[in-house]
Each structure stands twice: as C-alpha cells, then as structure tokens.
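Shown below is the structure under consideration.
Chain nomenclature is as follows: A, B and C, assigned in order of appearance, with residue numbering initiated at 1 for each chain independently.
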Amino acid sequence: MIASIDTVESGLAVCLLMTAIGCLFDRHLLRACWLLVLFALLMSAAWWYLNAPWLALVEVILGSALTGGGFIYVLRTLPSQRLSMPRYDRMRVEWPHRLTKGLLIIAWSIMLGVATQFLLPDMALSLTAHPLILSSVVIVSLGMGAFALHHHLMRRLMAFNVLGSGVFLMLAGMAGTSPSAQALITVGLLIAWLGSLLGVLLLRQLVHQEGSAALNDEYAPVRPPS
Amino acid sequence: MNAAWLPLTTLATSLFAAVIIFSLPEEARRVRTYINLLAAVAKILLVIVMVGRVSEGYEDTFSFQIVGGVDFVLRADALGVMFAGLSSLLWLCTTIYAIGYLEGAANRKRFFGFFSLCVTSTLGIALSGNLFTFLIFYEMLTLSTYPLVVHAGSAKALAAGRVYLRYTLTAGVVLLLGVVLLYSLTNDHSFASEQGLSPYLDDHRGLLTLIFALLVGGLAVKAAMVPLHGWLPRAMVAPAPVSALLHAVAVVKAGAFGILRVIYDLYGIELSVELGVTTVLAVAASITIIYGSLRAIAQEELKPRLAFSTISQVSYVVLGVSLFGPFGTIGALAHLLHQGLMKVTLFFCAGNYAEELGVHRLDEMDGAGKRMPLTSLAFTVGALGMIGLPPTAGFITKWYLGMGAIEADMYWVVAVLVASSTLNAIYFLPIVHRLWFREGPAHGKGQWPKEQPLGRLETHGWLLWPAVLTAVISIGAGLLAGLPFSPLDWATRVAVGEYLP
Amino acid sequence: MIWRFGLYDNTFDPLWMTDWAFAAVLLLPMVFGALGAVFRPSRLLPVALACLPILLAGGVMVLDYQQVGLLRWQWEVAGIELTLRLSGLSALMLLITQWTAAAVAVYTPGYLRLTLPNASVRWLWPLMGLLVSALSLIWLAADLLILYAALESMGLAAVGMLLLSGKSAALQAGMRYLLLALVGSLAFLLGVALLMSQWGTLDLIALEARVEPEPLTWVAAALIGAGLALKAALFPLHGWLTPVHENAWTPVSALHAALVIKASLYILMMLWGILLPETLFAPRLVAWLGMLAIVWGGLVAWRADSLKTLIASSTVGQLGYLMVAFPLVLGPNIAPLPLSLAWDGFWLHLMGHALAKAAMFMAAGNLIIATGESSLKALAGTSRRLPLSLLIFGMAAVTLMGLPPSAGFTAKWLLLQSMVLTQQWLAVAALLAGTLLTAAYVFRVFRYSFDETAPRHDYQPLAPGMDAVALCLAVAAFALGLLAHFPLGLLHGGGA
C-alpha cells in the first residue's frame, strides 16, 4: 500500500535525521557514540527498505558493531585521571568560526539540493518521491558542517561517518541499488570503517601524548592542571 | 668507415677517471695521481688519432636517439678537434700543475673528480655534433665547475660560487629557450649540414634574429662578454689551477667556441651577415676588448688583472668571427688556441708566485726575475704574446684579425686592435719591468710576503715545468706557424672548409 | 586521447604465464609484507630476495605486452563487472613502481638498524606491501569500482605508514592528512555516483562511449578533481604535505613522495581525459594553479631550514610543472604533434621525478642519520666527510632542476617544445622560472655543505648499501633521460 510505504519511509527518514542531529551536535561523547550506533542500525533498516539486504548486513556489521564499537572502546580507554572529563567536549567554538562554517553549510546544502534535483532528470529514486533520499541530502549537509565546525577530533570522525552514510544513501538514490552500486557502497563502508578505526586509535595516541584532542593549529590545547 | 668509438672513448677517458677518483678514498694519493696522468695522456693520444683522421678527410660520428627527432651526436670535425686538442693538451699541463699546487691540501678527491668531469664536459662541447648535445655538455660544464670554484669553502668562495651560478644558470635557461625555439622551427639541425639556416630567412627573419640573440646571449655569459662578465673576476678566489682551467680552457673558451659554432656551423656566415647580427657582435666585442683592458689597468693584484685581460682577449675571438672573410675566421680560430696557451702560462706563473713567494699584489713582484727566473721568463713570453709582439703567437693573431677587418671594410676594428694592443702593453709591460729591472727582496731589499721554498729549483717541479712547457709551446705556435698541424695551419684548414662551397 | 590510456579492446588474450604474473604482481607484495611483519628482516638480503619474484612478474607482464599489445582481464562477480588492463602507460608506471619500491625496501633494513625505531616497525612491511599492491592495482584498473577501492586502500596505507614514527608532530600531521583524505574520497565517491546515475556504468570504456559534455559531467569532474587534487597535494590543497614529511621515516617519505602522489595525478588525468576531453576552462585553471605552485613551492623551499621541509616543498613545485602541462594534453583543438610531445614529456617528468625524489629523500635520510640533525646548518663540512650522499643529492637535484643529462631535462625539453608550438609563452616562462628557483634552493643546500669553517667531528657511519641504493635510483633517473627513447617507445604502444 502506497500510504503505508510512505509512512514507514518517512518515519525512517525522520528517525535517521534526528539521530544524525543528535550524534553530530551532542557534546557528551559517549552518548554521541551510542547515537552513532543507533544511526547505523537505522541505516541498515533503510538499506533493507531499499531492497539491498546485503548492504543492510554489511552496515550492521561494519557500521554499527565495528565502527561504533571502535569508538566506544577508544572512548572508554581514554585516560580519565584528569580533572576535565575527556568524555565531554568542552572546546568552545568562537562565533566567527561558527558563522563562517554555518554559511558554508547553508551554501553547500543549497548547491547539493539544486544539483541533485536539476542535474539528474531521472534519478533512480527521486528526491520528492522518497523522503529517505531527501533526508540524505540534509544529512550530508549537516555532516559536512559538523565536520568543518567541530574541533574535537572524535566528533569530527563521527561527523565523517554520518557524512559518509549520507553520501552512500545519496548514491543509492541517484544510481539505484544495482550490484555495482552496492559494491561501491560496500567498499565505501569498508574504507570508512578502516579510516575511522585508524582515526580513533590515532586520537587516543594523540590524547596520550599531547593531552589535547584537537589539531594543534586549530585549537590551542588547554592543559589540565596535573 | 666511421670510427664511432673514437669520439666516445675520448670523452670516456676522463669520465671513467672521474668515476674512479670518486670511488677511491681520499688518502689514495698515489693512485689518484696515476689515474689522472694516465687519463690525460690517453686523451691526448686519442685526440692525436682524431687529428690524423680529420686530416685524412674522415668525420667520425657517434650518435643515438634520445627522443623522437632529437639525437645525441658526437662528431670529430676540424673545428671540434681543434678545440679538443687545446683542451686535452692544457688538461695535461693543468693536471700536473694541480697535483703540485694542491700538495698537502684537503679535499683533493673532490677537486680531481670534478676536474675530470669538467674536462669531460669541455671535450663534449668540442665534439658536439648538434645544438642539443652542445646544450647538454654546456650545462654539465656549469655543474662540474661549481665545486671547483667553491673549493676553498670560505665565505668569499661560497659567495663567488653563488654569483657564478646566478650568471651561468640564467645563461643556461636563456640558451635553452633559444635552442627550443630553433628546434621548433627547424627540427634537429646538425652542425655538419652544409646549407645552414638560409632557407628559413625569407619567412622567419625576425624569429631567426631573436633566436640568434638568445643563443649568443646565453653563450656570451660564459664567454664573459661585457656586460655579462661579472662572475669572472669574482671567481678568482678559486685555486690557481681552477683559474687556469676556467680562463684558458674550459668555461670561457666554451662560450666563445659556442659562438663560433652558432655562426659558422649553424647559421652560416652569409646568413649572419645578412641578418646584420655580425655588426652588432663586432661592436659588442670591441666594447668588451676596450673595457676589459681599461679595467685591467686599474687592478693592483695580479690575478684580477689577468682576469680582466681574459675578458678582453676572448672577445678577439668573437671579433674575428664577426668579420666576414677568411682572414677574420683564421684570426679568430688561431687566437682561440694561442690565447689559451698564453693565458694558461700566465696563470701558472701567477700561481707559482703566490705559492712560492706569497706574492699576490703587483707591487710585491719587484725583482722576482732573479729569484724565479724560469717562471718569470715564461711570464714574459706570455705577456709579450698578449701584447702581440712578433714573433709570438699573439702577433700572428692580431695580424690576421687586422687583415680580416680591412677585408670586411670595417676599418674601425683596426683602430680597436691597435688601441687594445697599446692598452695591453700599458698593463703588461710594467709587470715585466718590475720582474727584471727592479730591485726587490732577491737583491736584499725587503722581504717576500710569505716565502716557502717548495723545491730544489726555484719552485716545486710539478709547478714549474707545466708553465715552462706551455710557454715553449706558445713560442713554437708563433715561430713554427707555417708548419702543418700548427694552430695557424689548422685554423686555415677550418676557414677554407667554411668559405669554399 | 583515450587510446593512450589503453581503454580499447584487446586483440590478443594474455598467456597463462602472464595471468600468473598478474596475480603475483598484485598479491605477492601483500604476502611478503605480511611475512615481513612476522619475521622482521634486519638484513638486506632477505628483502632483496623477496623483491625478486615481484620484479620478475612485472617483467613478464611487460614482455608479453611488448609482443601482443594491450592485455585485458575481465570477470563478472555477483553481477558486477570487473575489468583490468595493461597498456603501455600502465606497464611503464608498473615498472617504475616496482623498482622504486624495491629500492626503498632494500634501503629500509639498514635504515631501521641505524635509527632504532619503536615497536611499531612491525607494521611497516605489511603497510608497504599493501601500498605497492594498491598502486599496481591503480595502474591496471579499467573500471571505477576497482579504481576507487585501490585509491582508498593506497590512501589509508600511506597514512598508516606516515604515522609510524610516533612523534606527536607526525601524529598531528597524519591526522590532518587522514581527515582531508577521507573527505576527498567522499567527494570522489559523489562524483562517481553522479556518473553512475547518469550513464549507468562504472566501466571506463563504456563510460567514455556514453559520456556527453553537459553540466552533470562537469560537476562530476569537478568533484572528482577536487577529491584527487586533495590527495595529490596540488596547489592550493597542498598544505598537509610538508608537515607530514618532516616527521616521517625516510623510506616512507621516499615511497610517498615518489609514488602515492603520482597515482592520484594519473587517475585525475585519466578521468578528466574521459570526462572533459574538449573543455577549455578546467585545464587552464589547473595550469594557472600550477604556475602558482611552481612559484610557491620554490619560495617555501628556498626559505626552508630543515632538509626534509625543503624536499617536500620542492615536490609541490615540481607537481606544478605537471599541472602547467594540463592544457597541452586536455583541451579542444590541440594539434597532434604538441599533444604527443606534451604527453611524452608529462609522463617522463612524472617518472623522472619519482626516481629522483626517492633518491633525494634517501640521500637526505643518510645525511640526517650521519649528522644527527635535520637542519641545513648541520650540513657544514659534509662535503668532505659524506661526499657520496651529497653527490647523490646533487644528482637527484639535477633531475629536479631539469638540467642535462637527466630525465627532468628531457621531459622539460619535450614540454617546452610543445608549449612553443602552441605558443603558450606564459607556461614557458613558468617552466624556466621554476628551473632557476629550484637551482636557488638546491644550491643553498650545497652552500651549507661546502662550508669549511664549521667542521663537525663525529659522523654516524652508514650501513652498506644505503648509499648504493640511492645512487642506483639517481643514475636510473639519468639513464631515463639519456635513453628516453626506450620507455617512450613503450608508452607509444608495443607489439600488435
């Protein structure tokens, strides 16, 4: 039934969007990680919905279990004997930074929406008919923005994961779920997982050595009194 | 039959010598000396063979393709063999001199290694069969002479090296641009081709003139023509063997030789006159001749005076090239050889004075004739040759140049020649006078700045005999100029080959 | 233009031996890398023995190519078509990759013995193996899926290798590189997605047949270009390159600067050749950026205080040469002669630069080990005590400066000829200015090394073979220049 399919899909899309926003903009890192796991599970549901069962399986394994697991593992093993809780991103973002990045996000999302709508006359799953794909565009913009905006490296890595998932969804929307597309997305998921793993291990080493979880030239580390 | 191995082996002797010297440790002095001398003698023998082949009419060629349409060509023709002969002979003398000069100095492995590479490059320039190969060796010459200039490692030497590079690398870039433009116009044009670039005259006059300006501009830096001569006086900070090599044999002559090749073998003399570039070149050469001499008079130290004298003298070659007619050509080519012999003698003697007596300034040279007679005799011979007194080789050159000027209806050139001879006398005769007719430390008046007796004779044998040898050869080049295989005879041969159809 | 990349149908099938060689080329590096993690070779000989079968396999493939022309392999796996091909260009790049990687691998045991690195050294060999396999796959790929997978694996392996030194500066630089590379790969993926959605295929030959110049293609090309430019450190997206090399191990730097960067450039050229064959604007933009890169890279290298910074900045400038050559190869109405000259010059420069950069990094590594410091001032007096390392540095620098008799000179010659024929005088000026700028910073190094007034005393002796390997690479760069006829013949197509 058309009405019920739309409802399921719309519900899925809304939930995806909300989990993405939560994951991207929550300062409590552990909570954000769990939201990421939830996001990944919802993504696999979306893949299931789009008739890509293999992709759903891969997403469950790689996206939620391994990636989310990796994040949480690293978070738990960050040194916690300092006064400032490392599991909370206390880094303040100044408003000029916020403004520029905010404008960037808006510009980017407009461009993206326009491009996809007008460039592709016949997408496999068009924007207007499938709210999932519409939400993917929004997720990509938000992910991009969060990636540019945040200083804390773990949040940037999580933003990258969300961004990646959004891109994969957009890809499915544009090209359909043919075997080639699924293969591409699988490779992308694999690389995203490996990259995130490398990133969080690197992050742990950085915190260990420098005491800061941001890149030096972007944010001066506030050394906790020890 | 083409003995392609001949030009290749001639280059290979010093290239292998360089490789072997670089792989030996610093302390292997004896072996290094043997290698150096062996390679130099081998090279002279091979060049003699080449001279024989050329006089029989062969032009041995070695070539292989580098990229489509561009070949690497080594050809032993009359002009090239002439320059090669000069280079190899003077390399032998300079090697012996350098072995003696650097006795007890540091970094000899580096010095002799790059020394050999320098001579490889010079011989490559001499034997190049087209402009592309010439360019390759021209740039290699820059790279291999840099470590020689900065050999001392002092701040002054490093600064001199920087200036040297600035001039020569920029010259290389300009030359490259000219060569690329030429190749885009004509494809690979061998030096041995008979017709020159005249077919392109009608459609591409402006472009040909531009290319000529770029080529000669790039070459003129090495040939130390004014105003591109700034690197040369500063390069005097290098050791005396290096100065001898740079000024008599390798760098400066390479520039002049390149100009010879461009005008005679690339463009052809008729085309050059047609384009009007020879007049400009003659004017530039004359300016350099006079300017160099004037600056030389103002110098108070021996080596800088000789440096400016070189600047002036090498432009004789360029002047002769720009005079249309066989006499000018003969004068230019003969002067290439004669000036090399005479200048190297003068630099050897300057080095001897510096090493044995610590004499650098002219006013310290009083009475050196008594203390170092053979050296001073050699110096006198060289100086008289520079001035152009008969029967020295220098006189022959100036005679032919004068005749060439008259033949080409450029009478003002004769005036330039006379003026420069006078100026040469003004800055050389006082030195000779000081050597022989003034009383100095050898007569009991005052002290030599830093005397260190280096040998049983007036100085170390390795330092003395090369100077004497080159002086004797330069006298011979003058006295025996009429004999076959003298520089004059060879120059005539080349000129005849150039002007006859 | 596409036939130059080998994107056409083959006439002959590969021999069975070539099939085995193909498998060996792709799998053996990873296998030996894994073995290296287990056994941790500390001598030169086992590493050299391990490299031998890989080099042999590469040689077999190239020989077969020379006899029969283009080779293709095609499979269908679960509804997905995978295509790989060996063209002349791929063969050349494969050879360069294998031999340079072999040289670096042979250099590494000596280096590790002298620098006594931390425990993470056991990751070096598998990552190196993965990198070489990924690179080989990139040269051989003929469809976008394999290309994407190989590109990403290569990127991750490169990041991993650069982090091994463990210093916090290295970690910071590596993190920045990782983040940028991941974002770049997403941009690349978006571009590929656009292409797939419109033209419905990932196979390069089919894509080339169907593609039409329209806004979608341009957007896709822009996204792909942005992603690849980030990975290839093309100006102005080059900021991550220098910090990353300052703190990495020498063999890693050598491999990265020589090969990893070039792979992204190769993919860029190939994909833009398919998508934008007749565009005017995009190649010109790249050329303008290339001119800026030449000037910028040269100036930064000139002012550098550390040897490795100098070499890394020089890479940015040298890539500028390649960028300036873009309009000569891609664009409307290019005459065949300049196109062919520029094509030859582009790849010759790429290969010469790969060899020379690896040699230069190795020589610099030797100098840094021997003097114990990485600054230029520490080089005073080295010309007397470490002449061989300096000589190798000089020979590699000759290639970078484009002076004869090196590959850089021959490549510059070809590019200049092409520029003169198409009357792009600004590009000529940029190329010649680049020569002088390169000479400025190279001879600045030599100025320090010839300085005799501040002698150092204790130099760490080097392991045998470290200098020899670097020397071989530098001499290879010279040979590539003088004997350019042979590799260019391979480039133009062999056999049937």
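Here is the rule we use: contacts are C-beta pairs under 8 Å (C-beta built on N, C-alpha and C of every residue); 3 or more make two chains touch, one makes a residue touch a chain.
This structure is a prediction, so every number in the text was calculated from the model and none was measured.
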Among line, ring, star, complete and other, the chain contact graph is line
Maximum centroid distance from chain C, chain identifier (CA atoms): B
Taking each chain's mean CA coordinate, chain A and chain B are separated, in whole Å, by 72
Per the centroid of Cα atoms for each chain, what is the distance between chain A and chain C, given in Å? 32
Express in whole angstrom the distance between the two chain centres, defined as the mean CA positions of chain B and chain C. 43
Touching residues of chain A toward chain C in the complex: what are they? 115, 119-120, 123-124, 147, 153, 156, 160, 163-164, 167, 170-171, 174-176, 178-181, 183-184, 187-188, 191-192, 194-195, 198-199, 202-203, 205-206, 209-210, 215-216
In their shared complex, chain B is touched by residues of chain C numbered 344, 383-384, 387-388, 391, 394, 398, 403-405, 409-410, 413-414, 416-417, 420-421, 428, 432, 435-436, 439, 443, 446-447, 450-453, 481-485, 488
Please name which positions on chain C make contact with chain A in the complex. 78-81, 144-145, 148-149, 152-153, 156, 159-160, 163, 166, 168, 171-172, 174-176, 178-179, 181-183, 185-186, 189-190, 192-194, 196-198, 200-202, 215-216, 219
In the complex, go through chain B and note every residue touching chain C. 22, 64-68, 70, 72, 106-107, 109-110, 132, 135-137, 139-140, 142-143, 146-147, 150, 152-155, 157-158, 161-162, 165, 169-170, 172-173, 176-177, 180-181, 183-184
